[in-house]
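Below you'll find the structures, each written out as structure tokens.
There are two complexes below, and they share chain A, which is joined by chain B in the first and by chain C in the second.
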Partner chain A sequence: MKLTLRLGKRLNRSWQVDAMLMLLLGVFGAFMAIPLIYVINNAFKPLDELFIFPPKLFVRNPTFENFGDLLQVMKGSWVPFSRYIFNTFFITAAGTAGHILLASAAAYPLAKHKFRGHKVLFTIIVLSLMFSPHVTAIPNYMIMSSIGWIDSYKALIIPAFAFPLGLYLMKQFMEQIPDALLEAAKIDGASEYRIFWQIVMPLVKPAWLTLLILMMQMLWGADGGSFIYSEQLKTMHFAMGQIIQGGIARAGAGAAVAVVVMIVPIVTFLLSQSSVIQTMASSGMKD
Partner chain B sequence: MQSAKVTAETITQPTAERPASGIRRKWALFASDMKRDKHLFVLMAPYMLLFGMFTVLPVIISIFFSFTYFNMLEAPRWIGWDNYARLLWSDDVFLIGLKNTLIFAVITGPVSYLACFVFAWLINELRPKVRAFMTLIFFAPSISGNVFFIWQIIFSSDAYGIINGFLMRIGYLNEPIQWLQDPQYMLGIIIIVQLWLSLGTSFLAFIAGLQTVDRTLYEAGAVDGVRNRWQELWYITLPSMRPQLMFGAVIQITASLAVADVSMALAGFPSVQYGAHTVVTHLVDYGTIRFEMGYASAIATILFMLMLGTNLIVQKLLRKVGE
Partner chain C sequence: MRFRKLSLEQKNRYYGIYFILPWLIGFLFLFLVPLIASFRYSLSNLQVTNEGFTLNHIGWSNYREALLSHESYLRTLTGSLLNIGVNTPLIVIFSLFFAVLLNQKFRGRILARAIFFLPVILASGIIASIESGDLMQSVVSNASETTGGGLAIMDNLELTVMLVESGMSVTFVEYLTGAVSRIYEIISQSGVQILIFLAGLQSISPSLYEAAKIEGSTGYEAFWKITFPMISPLILTNLVYTIIDSFIRDETSRMIVDTAFQSFDFGLSAAMAWMYFAVIAIVLWVTTAIVSRKVFYQD
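After this line comes the complex of A and B, so read on.
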């Protein structure tokens, strides 16, 4: 026993294979990282370095010129760049907050009570993980236009409340809460709402962060698609597309906007990683 | 686990006496259950209402309109199977899209699934600090908000593109290749970018799953004659992770059949000779440009069947692994 404890993770490992596998990990890690490193470096390259031939990966004389250019480019546009940033923040924040609240409220009964129809409801949720939102895009457009939500924030925010993945993960995570705890609260006379709000919700904080990351993955990159027409309601991602379409003359500003776009989700994940991993441990599909 | 389930059931078991006799008894039972659980239904109502409105209802609408001619101006006209017949027998562009979609799915589906697992497995061997860093590196592309346009610069058709610049410097090329305009390269490049983006939710699920595998199983395995890491992987790790593996499969399959954004951003829309056309881009074409909603609904319904069918078959197969 002492021996295996001391060896710990080295059980059944040979260093040759270890080295080979770590090399593999390094090579693919580079493949994942280089495009991002490249765009970050480009954002700080002065004009003469951007068009050097052959192109260089790393910046030599870093400058903030491109970020200044970005503001310059966007000043000439109809709406200030800050408006695009606000739209993206607002859509992501509102969509995520509503989703966490509604999905948790629906997940608690599914995870902890055997009411009539709980199996059918959960099966429908699992089935809905099996097709992408593209399938429902056309009818969603018809529904939105018939209730007059086209060209408003609502069209992006409200459907996000009911994405199935968040409910699924929340329900799986809530199943770990010991029943004894809920039973005790019930005996003390707490209502279901109170149990949900004061006991269950604080216990599933790691899952909130996970839902935040997943919603960010979906909403942060949203460009409004066919739902948003007004320029002042469009998102940062849409503005990024416009700048990049400016072609080679906008290469620096394009890289700068990409850095602005990617920094928030990456930092958020950096801060919440351990909670996310903790939640994903319960993501499995049981028979 | 079993005992936890039993107690959960006893919590919600009604204590009231139930009246006897046939249908009336069943109805009374149903009514008393509903009354007992009414708070639960109140909690679920907001989510389920929106879920029904924006996920369930659209699927039903889509199936219904797929049998009609509908342009959003006139009332829909019932035309039976005509849309499907047109799609499968006379729409050559759809068949190109379907072919490309299947090529993407057959390659990016299994490869990305394996990549998610293999990299999660390798990362799991690292020390915690390094592990957190590598997780970030591999996950970053999928979370950074559609910055995959970077690949447009990398595969740019002029000499300033990274790949062209590199190949010209080492003397392999004399003039730049039009990577994203040439149907010969388009598909391959989109597959690469799609794989770059594919270490997302399932990758995290696998990392998490690996961390929860019971450590004592490995020690017991070593005693029972597991000799190397491959045996350990096959006999201990994989079977303990089956639930996460099934979840990951759903996420990867669905994503691999839905290739569209990357294709439209990199190869253009429509792409040269429809080289990067997919079922979803075909859907976008008819649904948001031509406004042939009936026809677009038929495309959406086929996509729905394709995704659901593939997922259900793969779930069946995965359930058999290790049995």
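After this line comes the complex of A and C, so read on.
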């Protein structure tokens, strides 16, 4: 007993071990951060530095030229650039919100109600998780076309609602909520809606914030190429892709694009992660 | 709405269906129907004509072709399987370890978390250009060469490429890249898993740790007796997620896509996809069967 205690103390408290773990975290963190540093530095490199071989990680003479170029290109676009930005924001917001709502609503009975057929349903969901989106690309297009959703926001937003990943995640998290908690609420006369909104959803807040990051990240990168043809409805990602495809002449603007496109997912991540921490205390249950 | 005359079980059932219905409708139309359609394609010879396409039923010959006469399908498939067998446990262990580290209180931990999630954000650029978007255009415009460009600069982010390019000695780099690319592969694929584990760690009630501390448990014991069992359902979740994720992004998937959109053999591609699907299903079924027995649910 004494031995384990000492061992535990060594593992737990000593600053050497803490320092080692932090070092490990730092080394791997640096490893992961290199691509980001590279991209950001690229955006500030003047044109001659961009083509140095072998490429340098850090910029020597930082300049805002690239962002200026990007603005210039954006101004010259056929449709006002703000329209692309609006499209992307709208699709991302609507798709993410709808997905979280529907997936949580569907996950709740699957995790906690155990109605007949829930096992079959869940198996289908897991199976469908496995299917690569490329495979269903053509049939998907046919369906969209036959219900006349091609060339509208709907073609991107509504399918996002029905992704199986969110449902799967939410179900796994909801399963961990003790039944006693829900029973207590039911005995006190809470309706199913109320249980769902006031007990289940707050308890799985870390889960749906995670889902928010994942979905947002996915929709943000959507370029809608196969479903959307009118220029006014195209997404920012698509427009940015066009800029990059300008080739060598646009290399500077392209480097700036990479940074601009990354900003929103990173900011969302930081925001949602910092609010996860605040919920920590309240998500603790007293059993 | 009231269900006065119904038993509790019936009530549960109706509420269950009621809550699940909106999602189910979307799922049936936008996911299941395409899935079934793709199965039909796999049994047919799909030919594009002026007025759309025609399907000729040819039975299982697409499957036979993929298995028996395709030059690399079987080899790629086994390669993918092996790769997943090695990577999946490593990814799950790695991400659990780092999730626990990142869940501790230290300065700048949100930033640290963001850094570990970066690969997912960075990858979306490449993936977005590969995924559905460009595919359909390439069919429509009959694959003009330019569409491949996408976010080409993102490709250069591959750390191994950078190492080779910055002029280290070749033998050293070759040895290093072998090891590094696997490590890098593993780290860059564990962003989502770390996030899922973090969410799981945050839903563990702090009072459990408090009680354990009062009883004199050590951090080591607390991990194995509290954290590990409490997080075990999510270990299963992450195993499933990792397997699926690596299946979707690996060589075989790329081959399936290329068969469909570069050689325009949709029937063969669908057949390959369905066999692949069957293999994943078996792998997943075995994994879940083994792991789920050890999973602990708090009731």
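To be clear about the criterion, the second predicted complex is superposed on the first by the 226 of 287 C-alpha atoms of A that agree within 3 Å, B and C clash if a C-alpha of one lies under 4 Å from a C-alpha of the other, contacts with A are read in each partner's own complex, and residues count from 1 in each chain.
One rule holds for everything that comes next: a contact is a pair of C-beta atoms (placed from the backbone, for glycine too) under 8 Å apart; a residue touches a chain by one contact, two chains touch by 3 or more.
Remember, it's a predicted structure, so these values are computed and weren't measured experimentally.
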item: Partner chain(s) touched by A:P62 [first = chain B, second = chain C, both, neither]; value: neither
item: Which of chain B and chain C A:P80 touches, first, second, both or neither; value: neither
item: First, second, both or neither for A:Y38, with chain B first and chain C second; value: both
item: Touching partner for A:V204 - first (chain B), second (chain C), both, neither; value: second
item: Which of chain B and chain C A:G148 touches, first, second, both or neither; value: neither
item: Chain B versus chain C as contact partner of A:F173, first or second or both or neither; value: second
item: First, second, both or neither for A:E192, with chain B first and chain C second; value: both
item: Which of chain B and chain C A:F238 touches, first, second, both or neither; value: second
item: Doubly contacted chain A residues - partners chain C and chain B; value: 4, 9, 11-13, 21-22, 24-25, 28-29, 31-33, 35-36, 38-39, 42, 53-55, 102-103, 105-106, 108-110, 113-116, 121, 124-132, 134-143, 158-159, 161-162, 164, 167, 178-180, 192, 196, 213-214, 217, 220-221, 223, 226, 237, 241, 244, 254, 258, 261-262, 265-266, 269-270, 273-274, 276-277, 279-281, 283-287
item: Interfacial residue positions of chain A with respect to chain C in the complex; value: 4-5, 7-9, 11-13, 21-22, 24-25, 28-29, 31-36, 38-39, 42, 53-55, 57, 102-103, 105-106, 108-110, 113-116, 118, 121, 124-143, 158-159, 161-162, 164, 167-169, 172-173, 175-176, 178-180, 192, 196, 203-204, 206-207, 209-210, 213-214, 217-218, 220-227, 237-238, 241, 244-245, 254-255, 258, 261-262, 265-266, 269-270, 273-274, 276-277, 279-281, 283-287
item: Chain A residues touching chain B - in the complex, by the definition given at the top; value: 4, 9, 11-14, 17-18, 21-22, 24-25, 28-29, 31-33, 35-36, 38-39, 42, 51, 53-55, 102-103, 105-106, 108-110, 112-116, 121, 124-132, 134-143, 158-159, 161-162, 164-165, 167, 178-180, 182-183, 186, 191-193, 196, 213-214, 216-217, 220-221, 223, 226, 237, 240-241, 244, 248, 251, 254, 258, 261-262, 264-266, 269-270, 273-274, 276-281, 283-287
item: Residues of chain C that touch chain A when the two form their complex; value: 12-17, 19-20, 22-24, 26-27, 29-35, 37-38, 41, 98, 101-102, 106, 110-122, 124-125, 127-129, 131-137, 146, 149-154, 156-157, 159, 162, 165-167, 184, 187-188, 192, 195-196, 198-200, 202-203, 205-207, 216-221, 230, 233-234, 236-237, 240, 244, 247-248, 253, 256-257, 260, 266, 269-270, 273, 276-277, 280-281, 284, 297-299
item: Touch list for chain B against partner chain A, complex; value: 4, 7-9, 11-12, 30, 33-34, 37, 39-44, 46-48, 50-51, 53-59, 61-62, 65, 72, 115, 119, 122-123, 125, 132, 134-147, 149-154, 158-162, 165-166, 168-169, 196, 199-201, 204-205, 207-209, 211-212, 218-219, 222, 226-229, 231-232, 241-247, 250-251, 253-255, 257-258, 260, 280, 283, 287-288, 293, 296-297, 300, 303-304, 307-308, 311-312, 315, 319
